[in-house]
Amino acid sequence: MIAHSLPDPFFGPAQNLHGASLIVDVAFFREELSAKNVVVDIGAAGDVLRATLQPLAYQNLDALEQFKGKLTTTEYLCRYIFDAIARAASAGALGEEGRRLTKIRVTLQETDVARAAFEGPLPTSAAGERA
Amino acid sequence: MIAHSLPDPFFGPAQNLHGASLIVDVAFFREELSAKNVVVDIGAAGDVLRATLQPLAYQNLDALEQFKGKLTTTEYLCRYIFDAIARAASAGALGEEGRRLTKIRVTLQETDVARAAFEGPLPTSAAGERA
Amino acid sequence: MIAHSLPDPFFGPAQNLHGASLIVDVAFFREELSAKNVVVDIGAAGDVLRATLQPLAYQNLDALEQFKGKLTTTEYLCRYIFDAIARAASAGALGEEGRRLTKIRVTLQETDVARAAFEGPLPTSAAGERA
Amino acid sequence: MIAHSLPDPFFGPAQNLHGASLIVDVAFFREELSAKNVVVDIGAAGDVLRATLQPLAYQNLDALEQFKGKLTTTEYLCRYIFDAIARAASAGALGEEGRRLTKIRVTLQETDVARAAFEGPLPTSAAGERA
Amino acid sequence: MIAHSLPDPFFGPAQNLHGASLIVDVAFFREELSAKNVVVDIGAAGDVLRATLQPLAYQNLDALEQFKGKLTTTEYLCRYIFDAIARAASAGALGEEGRRLTKIRVTLQETDVARAAFEGPLPTSAAGERA
Amino acid sequence: MIAHSLPDPFFGPAQNLHGASLIVDVAFFREELSAKNVVVDIGAAGDVLRATLQPLAYQNLDALEQFKGKLTTTEYLCRYIFDAIARAASAGALGEEGRRLTKIRVTLQETDVARAAFEGPLPTSAAGERA
């Protein structure tokens, strides 16, 4: 549940300081299941996601250092969260089970009818989606 | 999609300026269907709801005159929207079909797992709900 | 998945022959659970619901005898289905477990943002709802 | 995510040891909002709910002492959880804000198309629902 | 909310004139976000979608010129809407932000358990999905 | 609604005998629609899915011959169901319309916030997903 503004005329009324509940889903992909018959250690994945989101929860993104001068659209935030999880995966935070991931997709639902997603390979590349 | 803060220690991290996507559902109740076999003129109901919500959309509630000194919890906003619709119904904005309504329930969903509701008779009385 | 028209100027474009997917939920209420710790025999309830809906599925309601001269609004159809289930309950089709029901609520979802409900005691009385 | 069996011929194939993901929603009701404009302290409510559910998570209910000789239907479990939360409320675990609650409703969703609920006043009385 | 029939024995009871609520989702894809950090101008996308759907809303598809002799399955309608949006994108109706789209996916949900999708590159090619 | 255990320390509390409601979605893909403007005969697809799932419904997977010595994770079950449907498609059970399928995706939702999927070409190859 974050506040932010999108200070560019392109965004019309969303130039105002407003806010959003962003419901985050992360999908992990791999070619073959691990020896434990899983894609990822879902406990480790939850820990990484919580550690990524905790500094953003109940914040005004306009006031956070890492977003200075950025347009913090839902699309941008998908990429931001993707990058954080991709770094954690590289650093081993997803454990042995996380070493063979080939792709991650981060989806942020902002209302019941709008969501954005970012999907890319590990190690990273790119593709954005808006529904 | 609003920003606000809840400036009381009771609210912990939600004392910060943050935000929410609030998905609004309104349920209209009556004892018997109208001659047109409806509860309410759904077109008129939509117009009233849009007129009620438009001044709040993409706003920072902390900066709006009507919320000065108020704790704009989701529960409070349910009541605020209920009162606006109840006034509109009394003023005839729901048309002939809206004259026989006995009850309205306003539900605000703030995340996929939290919502609040306010339900009361027409003319007004009260009951709050939090799930 | 039914076709119908609502031939009254009140309904604007819905005067046209159009259609709807109506997703039907039925809730059964009682004061105390049965000896089997259930509200109703869910198998019997499913049979009654299927028997009620089967004559309507993939039909043009305008062409069915029972709806001649009726405005088959979603609200009306809630009541129609309620009455059929209430009659079945009275006739014993919900079994021993169904004898102590005090109330039934029928909800029809017509789109992702619109639904209607009818709720009444057993034996019957009335209350309509539109969200 | 629990395992259990319903050892009575009434339950047909559910007499087998099988299982369910039970998604629990709790709604709290009161007549007027608290001084903080809330129905309940949502943090305290979450703590009470987690404490209630933790002993059941990933368990075989057939093997738990408190369910010996019980038919652990979804309806029964609604009541079981209701009673635990009602006791916690009486014991003050919902804090000052929880003292004025008039009603609680516990809903368990067992599949995408079936759920049960128990709703009762505080201090306790009763009403079951099955959809 | 449309009426139609599927006049081929393959479709069994759906050969009757019946209807559906079709909930339309459109996803837009691109490789890199625009200078505004978006995939598409969501206002323009909404305008294009409304302009595409408006001639179909509350209609009997069997009576519309463009569908004469067509089997208007949900799959077919996905493709029909995809083509309309793809044409609008080519004509510039999605604005500068819409020039770099690489793919569009149109999903139609016809009931709570059935949906179809069509996904293709821009400029157009093809892939159907049914769930 | 199945019971099972995951007897490996990797799974923590899920080593216990527990259970799950697994909601199964199957998506069928092809390059071009059939002559009937469909991706697959949805009636035949439903029959194949029911025949695949029926032996698992209301069972303890630990007691079934085909799962002896297997870790029956949600991911594994996606693949198991995929394989059964792929075999049925090869054997002609999806009819003429099913001959041109290029891909199938099986998704199992185990709670409101967790699901797994397996997607592969026909004839078979592989890719797992966990969200």
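Order as written gives the chain letters A, B, C, D, E and F; numbering starts at 1 within each chain.
Note that in this section contacts are C-beta pairs under 8 Å (C-beta built on N, C-alpha and C of every residue); 3 or more make two chains touch, one makes a residue touch a chain.
No experiment lies behind these values; they were computed from the predicted model shown.
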Partner chains shared by subunit B and subunit F (touch criterion as defined above): A, D
Between subunit E and subunit C, is it the same set of residue numbers doing the touching on each side, over half shared, or a different set? same
Longest centre-to-centre distance from subunit A, chain (CA-based): C
Superposing rotation of subunit C relative to subunit D, computed on C-alpha atoms, to nearest 5°: 120
If every chain is reduced to the average of its C-alpha atoms, which one ends up farthest from subunit F? B
Where does the B-D interface recur among C-D, C-E or A-B, taking recurrence as more than half of the contact pairs being identical by residue number? C-D
Cα centroid separation between subunit A and subunit F, in whole Å? 28
Taking each chain's centre as the mean of its CA atoms, how far is subunit D from subunit E in angstrom? 42
Taking each chain's centre as its mean C-alpha position, how far apart are subunit B and subunit E in Å? 33
Subunit D: positions in contact with at least two other chains: 112
Within the complex, subunit D is touched by subunit F residues 1-4, 13-14, 16-23, 57-60, 63, 109-112
Subunit E contacts subunit A in the complex at 25-33, 36-43, 45, 105
Considering the complex alone, what residue numbers of subunit D touch subunit C? 8, 10-12, 70-73, 75-76, 79, 114, 116, 126-131
